[in-house]
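Multiple structures follow.
Here come two complexes built around chain A, the first alongside chain B, the second alongside chain C.
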Partner chain A sequence: MQEHSISANNFEQCQKCAICTTVCPVLANNELYPGPKQAGPDGERYRMKNPVFYQETLKYCMNCKRCEVACPSGVKIGDMIQSAKLEYGKRSHIIRDTTLASTDLVGPMASAFAPVANLALSMKPVKAVLDATIGVSKHRTMPKYSSQTFESWFKKNAAAKQDGFRNHISYYHGCYANFNYPQLGKDFVAVMNALGYGVHLLDKEECCGVAMISAGMKKQATKKAQHNVKVIGEAVAAGRKVVTVSTSCTLTIRDEYPHLLGVDNSAVRDNVVLVEKFLWQALSAENVKLVWKEDYKARAAYHVPCHQEVLGWSNFTIELLQMIPGMELTVLDSHCCGIGGTYGFKKENYETSQKIGQPLFDSIKAADPDFVACECETCKWQIEMSTGYAVKNPISILAEALDLEKTMEANR
Partner chain B sequence: MRYDAVIIGAGIAGTTAAEALLAKGLRCALVAQGRSKSNPDLNALVARGLALYLGDEVLSGDIVEGRVVALHTQKLEDVALVADNYILASGKFFSRGIVADMDRVYEPIFGLDVEYDADRSNWFNADFAADQKFLSFGVKNYGQGKVAHEGVVLSNLFAAGEVLEGICSLDSAEKIAASAAEAVSNIK
Partner chain C sequence: MANNLKDNEFDVIIVGGGITGAGTARDCSLRGLRVLLIERNDIADGATGRNHGLLHSGARYAVKDSESATECIKENMILRNIARNCVEDTQGLFITLPEDAETGFGLDYQKKFIDACIAAGISAKAIDPKDAIRMEPSVNPTLIGAVQVPDGSVDPFRLCSANVLDAKLHGAKVITYTEVTEFVKEDNTIKGVKVHNKKTGEDAVYYAPVTVNAAGIWGHSIAEMAGVHVGMYPAKGALLVFGHRVNNVVINRCRKSADGDILVPGDTVTVIGTTSTKVPFEECDNMSVTREEVELLLREGCALCPSLANTRILRAYAGVRPLVASDDDPTGRSISRGIVCLDHETRDGIKGFITITGGKLMTYRLMAEWATDAVCRKLAVAEQCKTAVTPLPGSEPKDQYSEVKIPQFAGANLGMKASIGRQGSMVRKIDFTNAEDRELVCECEQVTVGEIRYAVNELGVTSLRDLRRRTRVGMGTCQGAFCIGKAAAALAAALGKPEMADQLAADYLNERWKGMSAVGWGDTLREMEYLQRVYKSSNESK
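== the complex of A and B ==
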């Protein structure tokens, strides 16, 4: 929203209408949480006076930012709560939170021993130990790690031919595509190449830091932010857009860096764009052509991730998916899935997390699609674990529905 | 983004207009800064095909030869919203559909012609319970929600609800909804 205030986060625009309270998924399911109005602008008024008024129960905020999307006055309620947590919050469960948050530290180790790590993390006794010792919920299906990272696949199999294309973009793949699900990165490269775009990696991207921010690790997150702004800046200086596949990484890089970490990203912000918006714009400018498979048929239900609601770009995804002949698309009612990144992995949040997601799980089951379409990797874990329905990133759906060879010829 | 109609505002007027336009079979989008207490659940409209831009803000509208040709929003950045017709249901002072400065009252998106008293001392009455003149200020209504920009009545932008002169939050939901129905009646 536009800044209309002299205080940070549009603080004095709050009219006390309390609509944020009605949309908070946590408040509806966990009575320990004071809710966005109290945790945000109401509490801020006291914290400004004296930090002693900081409440530790702000830790129950999952940073979905549905309060900000609902606020008719542009108050950055979520930013206010996150800033207070970073400023005043005490860190409990240090080992667990650091482990969950340090995705690009844990990722390489887990990838190196992927078969062992995946097996261990799926075993009941191991999960019971993690639950009892560091507080990772034993009820949770842990993410799988891939033995080959996306980056190493890319360097071996794709990097050499990228200079041969007409146009060029840089790709911020994020930790999930790199360590957990390289197929997403491979699908991205396949689609972009078919459309005539050479794909280039940044000069060593680091984790966007979203999980560190929610774990209260401000110093570490700030270092990641400064590094990423620098390497993204180099790509932008070379005339390239930096295209992303994860809604949370995108929101973090574009908005959380300046709002929460005080890292100036103004030189690069507008050049960081989610692939669905990028493709929609390329198509609408008639820069690219798509050739679809003739026999593709699917019934998909699109779940808008909370951070996509904050970015405000879900209609690009909807229009892209609707372009696919043979696609029958349902847009699911707007509900949070309950995972909130690392939030739902924490023992104390497991029950709340599943309760929050229940209306979404029910609506998916009622729609009974072939699969769920969704841009967010942690929504994917949550929905797959809780409903049994497969979740596909829209770029992977495009990779399946496009005749990639004919598309490549059409864009030569 | 291209639509048959774009509606600005998600209050009673905006959602009433959206429902009516969807019922005509038009492809509609609705942009709103946030949810309105009068109609907080927008899922039913999305299920009927409404493209919802919630938590976004229309910053400006381009007017060429008496027609609105594009809207620019904060979050869509370099992508414009383009439609055959537009409904302005952005509310009054609370939602900044109408803005009052020290010396003037204006409509911030398009700069539409606004009806208000030039003498600021007449804007409000010290008797709190008496009629407050500022509540009647709003975009000048040329009939059925037709509005003007610099004296020229626009052919494809229609205002509904509190943004209009003579309608305010003290009016009944029925009156506000009726103004939305009038605005929509301009669109075939």
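== the complex of A and C ==
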């Protein structure tokens, strides 16, 4: 008699089973947080009645989306909470949120003065000032800013060679590879080139906007989204897949643009893919060949980032890593690291963030690997700061384990 | 008034704890009378608990019945001031759709409608359809005309409960689950009532010089019992409740009143209604909604607001309007929607007996005023009515959400704010600093242990159904699946009878099931299956 109920974020499908509340890492560690069910579908019903029912405590959600993965009814709980923040949230710490959220605005400024910025960010008094004035937790090691961005390295050293390859892809590198850790971008280019793919940048990518979304900066995030969908669209029209290295950027571009910002990405969504999945597919289609270094040996523990859980692609990474002959891989039990993007950087979240990550830290220490493998840059900061173990992106691991020259020959 | 009365003697006995009886009890007690209010079930169990909750602006009646329209707008303005926690100023739209022009209700009719509203004192102005969509984004976008009127929504349970509470605060005695079975009649005078308590099985007799029949549609048989005839016309109306607020503005169709042409946002839900069918008196005690009614309401609702086509329906229910056939028309065809106040002494020669009926939920205060005036005349009491200016308990202050202060501290939850929406400033009686009291019991409707305790202590709650009427426990999306066990335990504890919990829950679930089965498809069906599984397994594990 009725059409099937289809509602924004599957709000109406909620059966109130409360399964989501059993997996939320924040709820278990912060009594101030109402939890996914209350902050999500239950609260949403009240916000529809009257916006006075918006709760500031929604800021404690770190958007890990573990609740969404667990929900048997497909309710987009995390999206619903993020939307509410975008729609109703008063922004308290405006300066802090803009600093952490505008990764591509602060990034260029900080990069130009990188040695000073890094020094300044690691000095105790500065941290205390940050803590007191803009609410960034002083316990945090801030991500280091690099003095040469990936983009400028690429233009100087790599761009010219790319047209000579057999196949072509576009690379969405994200803010982290660009400003904080260009080596990740370099590893990506090295591996892709070795496999016979020319790497091309988009016509000026912008930050995916994930941090702005959590800071409630909808207008700015929407602008970025529209721009990115446009330039990704141009690459897709030129017949290229858009390959990424960051799980959070990927999830944001694929799912949050339409769900949270109302930006239509249907024309490009399926062409945006994480490099591990891209490689695995290329291998199974026998389009590429891998030649490994003979003496490579490593013991790694793989941590599945929350957003990889949502994408559901962790198996691609695991299989790729297991192909490495000298690799001894432990897959850690799925557990949130507690950082939640820029979440853990906020002063009020520091304690919760560390409590959430504790079981993961313990399991890493128990596995005692040479390093941790993980696709997410914020997990990397958190794990490195909290455990002392180095964290490597799988693509960097491949770059080390592959005999790049022989691989390049094999794929010529 | 009278001083040395015995325990079972009163100045006035009121039969029926719907809004009319509750309002009359309040008015009488504010005028200093010693009042007994008798209700055979819980308060608001009749039409009062089964209506649409529209705080009419009167616009709906303006063209055909300007007297009702004027009554509505006056009472509408009064209730906004005296019952702030029970009403919400949503505003209303009367929309004209392209197909209405074909049936003679196009924009010409809209003009006639606006003129009639203005003549009745209702501010009504035509607005551009684009502005109407801006004001209420869910409205049918094909509309060709819209008129804005001061409609609102009213929570019938809350309004009834606030009147009962205030009557009690002014000395009235209220007994529920007690049925009037017979009158004490001497010659042509009603001297009192005989009652039967359905819970304890005890019988009793109460005396008063005046008895008011405020028994809604059942007033018909109460009148017969007293030896007079009131020609009532039982008109069933069915309604559908949607799972959340789809609209925030009341949407009406600007045409002659028809089935399913009003969509009212009420608290956390949206309700479409209604139908109107005459039913036999025997059926009034056991109303159910048919499949055809559901289909009709859904179809008409979609014309007002297309997104209803894929919005989850929570439940269906029906009530019976206590309409009265005009005294001079024995066929019962010419029905008045107006207020009927009958003094049976002048009308039928029966002394000490008054019937107050007809009218609407939202004109209850005026009905109560008329009835109380009649009572006072009989008792030769000169007190004037004060209900139009005296706020009901919980109604102060004006901006409830910001002015009723609740303590701010870590661990504060939504339930604390939600209870302001329900109980108004009476939430001050709930101690939210106590962790147990702020614990959420019903998560869909945000009801806390503290609010349940308050409802038991101050609002006369004895069962989960009573509790639902006062607090919305179990009225949300899960329809009790998730919370009824918890609510039963909290209620049983508040009643001081923890062993009752299982029985309270079982009684409740059986009734909810009935409301859901008429709309059992899609997500409601999933919810029903879930509910069944939860409770089946929890029973088996015992």
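Just so we're on the same page, the second predicted complex is superposed on the first by the 408 of 412 C-alpha atoms of A that agree within 3 Å, B and C clash if a C-alpha of one lies under 4 Å from a C-alpha of the other, contacts with A are read in each partner's own complex, and residues count from 1 in each chain.
The criterion applied here is as follows: contacts are C-beta pairs under 8 Å (C-beta built on N, C-alpha and C of every residue); 3 or more make two chains touch, one makes a residue touch a chain.
Since the model is a prediction, treat every value here as computed from it, not as a measurement.
Within the superposed three-chain model, A:Asp42 lies in touch with chain C and out of touch with chain B [touch as defined at top]. Within the superposed three-chain model, A:Asn50 lies in touch with chain C and out of touch with chain B [touch as defined at top].
With both structures placed on the common chain, the touch criterion links A:Val69 to chain B but leaves chain C unconnected. When the two complexes are overlaid on their common chain A, residue A:Gln15 makes contact with chain B and with chain C alike.
By the touch criterion stated above, A:Leu32 is placed in contact with chain C alone, chain B being left untouched. Overlap of the chain B and chain C interfaces on chain A comprises residues 1-2, 15, 17.
Of all the residues in chain A, the ones that touch chain C in their complex are 1-7, 11-18, 31-32, 34, 37-38, 41-46, 48-50, 52-53, 55. Contact residues on chain C toward chain A in their complex (touch as defined above): 243-245, 265, 267-268, 294-295, 298, 309-313, 401-402, 410-411, 413-414, 417-418, 421, 440, 443-444, 446, 476-478, 481-482, 521-523, 526-527, 530. Per the touch definition, chain A reaches chain B in the complex via residues 1-2, 15, 17, 19, 22-23, 68-74, 270, 277, 280-281, 284, 309-313, 315, 318-319, 331, 333-334. Those residues of chain B lying in contact with chain A across their complex are 1, 29, 32-37, 40, 42-43, 46-47, 51-57, 59, 73-79, 94-95.
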